[in-house]
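Presented below is the structure to which this report refers.
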Amino acid sequence: MKPNNILNFIGFDASYEESKIVLFGAPYDGTTSFRPGTRFAPNVMRSDSYGLETYSPYMDLDLEDYKLSDMGDLEFPFGNTNRVMEAIEETTKEILDDKKIPLMIGGEHLVTYPVVKAVFESHPNLHIIHFDAHADLRTDYLGESLSHASVIRRCHDLVGDQKIFQFGIRSGTKEEFEFAKKHLYMEKFNVETVCQIVDSLKDVPVYITIDLDVLDPSIFSGTGTPEPGGITFKELQHAISLLRTLYIVGGDVVELAPQYDTTGVSTATACKVLRELALAIIS
Amino acid sequence: MKPNNILNFIGFDASYEESKIVLFGAPYDGTTSFRPGTRFAPNVMRSDSYGLETYSPYMDLDLEDYKLSDMGDLEFPFGNTNRVMEAIEETTKEILDDKKIPLMIGGEHLVTYPVVKAVFESHPNLHIIHFDAHADLRTDYLGESLSHASVIRRCHDLVGDQKIFQFGIRSGTKEEFEFAKKHLYMEKFNVETVCQIVDSLKDVPVYITIDLDVLDPSIFSGTGTPEPGGITFKELQHAISLLRTLYIVGGDVVELAPQYDTTGVSTATACKVLRELALAIIS
Amino acid sequence: MKPNNILNFIGFDASYEESKIVLFGAPYDGTTSFRPGTRFAPNVMRSDSYGLETYSPYMDLDLEDYKLSDMGDLEFPFGNTNRVMEAIEETTKEILDDKKIPLMIGGEHLVTYPVVKAVFESHPNLHIIHFDAHADLRTDYLGESLSHASVIRRCHDLVGDQKIFQFGIRSGTKEEFEFAKKHLYMEKFNVETVCQIVDSLKDVPVYITIDLDVLDPSIFSGTGTPEPGGITFKELQHAISLLRTLYIVGGDVVELAPQYDTTGVSTATACKVLRELALAIIS
Amino acid sequence: MKPNNILNFIGFDASYEESKIVLFGAPYDGTTSFRPGTRFAPNVMRSDSYGLETYSPYMDLDLEDYKLSDMGDLEFPFGNTNRVMEAIEETTKEILDDKKIPLMIGGEHLVTYPVVKAVFESHPNLHIIHFDAHADLRTDYLGESLSHASVIRRCHDLVGDQKIFQFGIRSGTKEEFEFAKKHLYMEKFNVETVCQIVDSLKDVPVYITIDLDVLDPSIFSGTGTPEPGGITFKELQHAISLLRTLYIVGGDVVELAPQYDTTGVSTATACKVLRELALAIIS
Amino acid sequence: MKPNNILNFIGFDASYEESKIVLFGAPYDGTTSFRPGTRFAPNVMRSDSYGLETYSPYMDLDLEDYKLSDMGDLEFPFGNTNRVMEAIEETTKEILDDKKIPLMIGGEHLVTYPVVKAVFESHPNLHIIHFDAHADLRTDYLGESLSHASVIRRCHDLVGDQKIFQFGIRSGTKEEFEFAKKHLYMEKFNVETVCQIVDSLKDVPVYITIDLDVLDPSIFSGTGTPEPGGITFKELQHAISLLRTLYIVGGDVVELAPQYDTTGVSTATACKVLRELALAIIS
Amino acid sequence: MKPNNILNFIGFDASYEESKIVLFGAPYDGTTSFRPGTRFAPNVMRSDSYGLETYSPYMDLDLEDYKLSDMGDLEFPFGNTNRVMEAIEETTKEILDDKKIPLMIGGEHLVTYPVVKAVFESHPNLHIIHFDAHADLRTDYLGESLSHASVIRRCHDLVGDQKIFQFGIRSGTKEEFEFAKKHLYMEKFNVETVCQIVDSLKDVPVYITIDLDVLDPSIFSGTGTPEPGGITFKELQHAISLLRTLYIVGGDVVELAPQYDTTGVSTATACKVLRELALAIIS
């Protein structure tokens, strides 16, 4: 009986070389304004994932039937946002260079930006599907252009108009909602139009970013800024299942701050979302 | 840079003189039978409101576009229900005399009674819209006529038959439900008929009282007596938005006991309900 | 004024002799794999039940109009699963011999097995209606045939094919879902077909087992293995109300682990489910 | 195997008739000004007492070697302080009339008053030993003469000057400390002089009242008004052991509010204090 | 009855003009590396201070006998450490210019630096008494010279060798402890030598900075980095009382993160420390 | 920048081959009778250890100056105590065969037995130093001879009379205390005699087992059965430092159940105890 000290998400136990999807954690929450703690998400998810079945009755698919690997967490220079961004971007590039699909666990939403930057470099026609409670479209947040509240705006700077599709948005400044009207697709409050958007995105490379606070805080209270009025797990699960037909080139789940929900429900939910997303990408 | 020690709800920073709506707290929970703690609600809501956007994407309105003031909490003689009632009534009268609309944060539901009493004096044809899990129609509770469990019965004593409209009620004695059938309008469990009731109440003065436990405890566990089977935040938000066309002369949100929900979700929900209610009144 | 130290569920205060339904607790959680604690459920439910009304506005029925008794908890030899099984079975037999209906509060789901065994002996044509997040159809769990994860498989061993009807199932291994297809009725994820199943079960004896984790963890986080994507309280309440026309010969509610939900919401929910189930049986 | 629904403190399972000490709960917290919840203490202590050994290695005594009974909780008319006082006094008298020693679990400290009143009637030369963080010597609290903050003052009204001995006091108004100097014995902050006081109280009847907040909140955070700077459990245990030689005619432990300490440590501490006190009385 | 929305620490209700000590909050936690949250401390302390007596039985002094004012919290530009430092320094200078004594509630320990800087300008012979679990003597923390972990090193840059006196230190790098040996006074683990240090500091201006994590986490768990092995409240209270004879020209209490201790004990402790410190300064 | 998914205790990052001490986790809690959860301890300690300094100011030693490795957790067959025992024993033997010192994190106390068994085989003159609140000397617990409550009795079966030295014991049955008097050394309540025992154990191989509940629950509430009246961290730290001169051939720290203490203090304490113990062994 061999002891071990490797901590991977359940079902992600293939070697890097043989895997198609590579999972890694980006435990950074340096620009969080209200309640930090997302830095703890990846490892808490790995630990609690062992309460999860690898089989999804929703998709009738099993993680065990695929080759998936988990590289663990990136090690960040604490408190230096620019170097964190560089580290994530570099790792993503390596994964892409090896013809694998990067799948990231945040951290705050800002960590999505360097992944998108690397993926965009490989896939210049990149489209982004974005689930979130918040528009994240500010030009800056208190003067900082690289912020959790402006991360999708930064992605828009990269990919340009009408390439971003937002769902479930229910909080932001008036300016953000006005920006959205002009420059991208936004479904407010709900995720009912995912189906038709998916139909329009056949044959283009798509990145999926899931800010878990798109979920209602009744099922996902473990996050920095809970926003009542979110979608249910069933709605998110259904939306993810619709993505299966897309050409997905990368993805992430972000903004779990596990310590705020001592019941463990938020972490269990995050784990299930990650399982469904991985199955949607791989199948 | 000027320091300050004034604590107001976000967006309620106008002076009393220039404001149309005046917010105040009534931190009383003296007749609570099960789990007290609503006395802490107003100040916790003020503090946490700074995580809230002033802009409502539901209504496309912004608190910052209106003149709203926050008088802080009333100071109560502890343990003397009658003097508490008098203090609330007196304050409400002053606000009404100054041609402003009173908006109160409880406290337990009993604090609604003195506000209604003062408003009724100014508006003898007063109608009341009441969201709640509990009917609150007991003649008394363990011999006390002034109780959180009898507050709407006391309001009925004032305004009379067919002036009260209850929504979302899902708990009470058999007698309360029978009283309701005869003397007022009650939609059990849901808030689906708010629209048609609103249509029937054009041109009469209306008071809105929202016992937040009308919400399902999944989204609002921070209350004394959680009652499963409640409505969602989306349903309550929609119901409130329907009230915009009414002639609203006062309102309140009551029964948040913030300490029971350490995730902060209940307080965030209460803050958003208050924002939506204020916008429904002012717009 | 007579002091007392008898703790019964609200409304279950008749004597054993005069009662038609006999409630008892089976506080065992010895095979729980992830997060134990259901042993505390019966007494926490009894204590908190005093915040519950005996009147159900859903059914327009009142516990006080019926004769119901509460025998308290069984006393178990700690750590000896076989003797626990025997004790539960024996108690159930005594209740059945006295022509009363057994109603049990768990404990983990395994405690259902000895009750079903005793009820099946009295009613050889027994059918089982089963609400749960998990299929509980494993042949064994890590080599143990008597496990919370295999309890319904053990019941199937007893009652045979097409006698078990499962609702709300959303987690399990691929093998369990395949077994279900062949040997019993399973509605995945939802409880929409309860009505038609009830119609098909007139005139046969039926046992009802409610694993409370069939509820969404938003309303029921106080359980060992929370599974997002469950049903709402309203859906479960409605399903229970449909059971009224059946010939119910026994029932249970299991898997509340009250300490994981410090808000008290899970316990309040469990109490209301028990009230509704008792009223469905007795009326 | 006989089921049961009797809940008693561990080791207190003798019948009333054969017992020398009679335990009962007085779950009242109606005058609590800051954080209520002591009403839940007696039953939580009973439940958690099963994690306690009946043997005390401190005293080398075992509860199982004595005849002790537990009558359960008194049933109170909610919200009526005077009737609560009467009920407690009446029960105490009955116990005394039957030549037994009353031992009470609170509730807030006010419940001590009616017990002392009854005991004083039987023992006119009654002396009181009082452990507490607070002096509880106010003439009234916000106009109420019967208050948790004035309970020892009320006892002083009964027993008179120099009959009360306070230990561990560390909070109160300046007036209370000045009253204490003139009318009774007070050791501030510590319990170092218990030994010499005990020596001076041979041959007189003594009542022991332990407000558990005399303990430091590091070990006893489950109380309404935590006061840093208290004594350790070891110090309190030692002080209690010194009382063994006294002629103790009644006692109580009060002010546990178990829900504020979710770790269970406060309840475990309260249970151990009660065990030690019972052994000090009975041995 | 006049409502109000001014939130001050109990007993600090004099006007700025008439007061000798001016309290203000510096709710900044921007460089916290482990568990942030001290930004919430000042207002939680103000709220909970109303459970505190204004009279100290330790000192036999009462806050009500002095003129003390509370300016509330400074308003900070979020995320800009340099501007935060400037704002605190500027406020402190104004208070000093008005011949008053500044008393600050943090925030993380870094906020001490700008206060010391301003006080040092007025009092070039400034000495500092520092209570803390951590030495805070790093030259920098991950490259940042202005950090909670280097704040006393920065103060040393200002005041120079042998002007700083540390007590209770029990955590740091080997380098910090070696620096301390050469450049300042440090009592490790305990506060037993406060008395003799106080004797040596007559007639010089002294600043007192109390990082509350000097207390053992048994009594003070509400902080970012709990360090077992700290001092008791009694020891800290005694040490503070010894400071009374000094010429104190400013002070602070920092590093309460109230949300980590849901029992409220840490906040109660912080309030009492602040009361004792204020009385030591003013008397 | 290389990502990684290896989780080791801080400072334990040497390779197995080069290390003198080998740390491993034994996350088993199958016989826990009251509140399980120690299975989560090793990984929570690894995660939280990054808030710990590697330098001990108590010993003036630094983990970074030694070669220490962490093998991670053993993987156990769930629910099979005998196979768990075998797995731990086998791993310990391998470590001993490689001339290294085993250091284990539990898990419940029963996991100590197989380590002692393996160490005893290599060192037949083995002596055991045991810190605990509980004697753990039962012949069996409810019929089970392998139980957390009988683990030291099982060790006594191996090593024989007068080879075991217990400290801090404060709970058990009368029989256990009587057994102790005859067969081993026990210091009740305190750890004051560690110094003299250490003096008597020069030149013999010693195993150190630290049940962390020897600490007072004020500093260590995160455990299954909190026992007030324990020792302080300072006392335990001092006792450990006295062990440095011994010939230590193995050790463990057990019984942290991290989830019961949401403040993180218990885990921080456990980490510091492990650091001190490792330094005592290695230096």
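By letter and in written order, the chains are A, B, C, D, E and F; residue numbering begins at 1 in each of them.
By our rule, a contact is a pair of C-beta atoms (placed from the backbone, for glycine too) under 8 Å apart; a residue touches a chain by one contact, two chains touch by 3 or more.
What you see is a predicted model, and the numbers here were worked out from it, not measured in a lab.
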Query raised in the report: So which chains are sitting against chain A and chain F at once?
Result: C, E
Query raised in the report: In terms of residue numbering, is the interface formed by chain D and chain F classified as same (over half shared) or different (under half shared)?
Result: different
Query raised in the report: Is the C-beta contact count larger for A-E or for D-E?
Result: D-E
**Report entry** Length of the line joining the C-alpha centres of chain B and chain D, rounded to whole Å
**Finding:** 41
Query raised in the report: How many angstrom lie between the CA centroids of chain A and chain D, rounded to a whole number?
Result: 56
Query raised in the report: Where does chain A touch two or more other chains at once, residue-wise?
Result: 216, 218-219, 262
Report task. Could you classify the connectivity of these chains, where an edge means two chains touch, as line, ring, star, complete or other? Result -> other
Query raised in the report: Touching pairs of chains, which are they?
Result: A-B, A-C, A-E, A-F, B-C, B-D, B-E, C-D, C-F, D-E, D-F, E-F
**Report entry** In the complex with chain C, residue positions of chain F that touch it
**Finding:** 31, 33, 36, 77-80, 142-144
Query - Of chain E, residues touching chain D in the complex - result: 51, 53, 55, 57-58, 60, 62, 216, 218-219, 232-234, 237, 262-265, 268-269, 272
Query raised in the report: In their shared complex, at which residues does chain A touch chain F?
Result: 1-8, 24, 40, 43, 46-47, 70-75, 87, 90-91, 262
Query raised in the report: Once bound in the complex, which stretches of chain C touch chain A?
Result: 34-35, 169-174, 177, 188-189, 216-219, 221-222, 225-229, 260-262
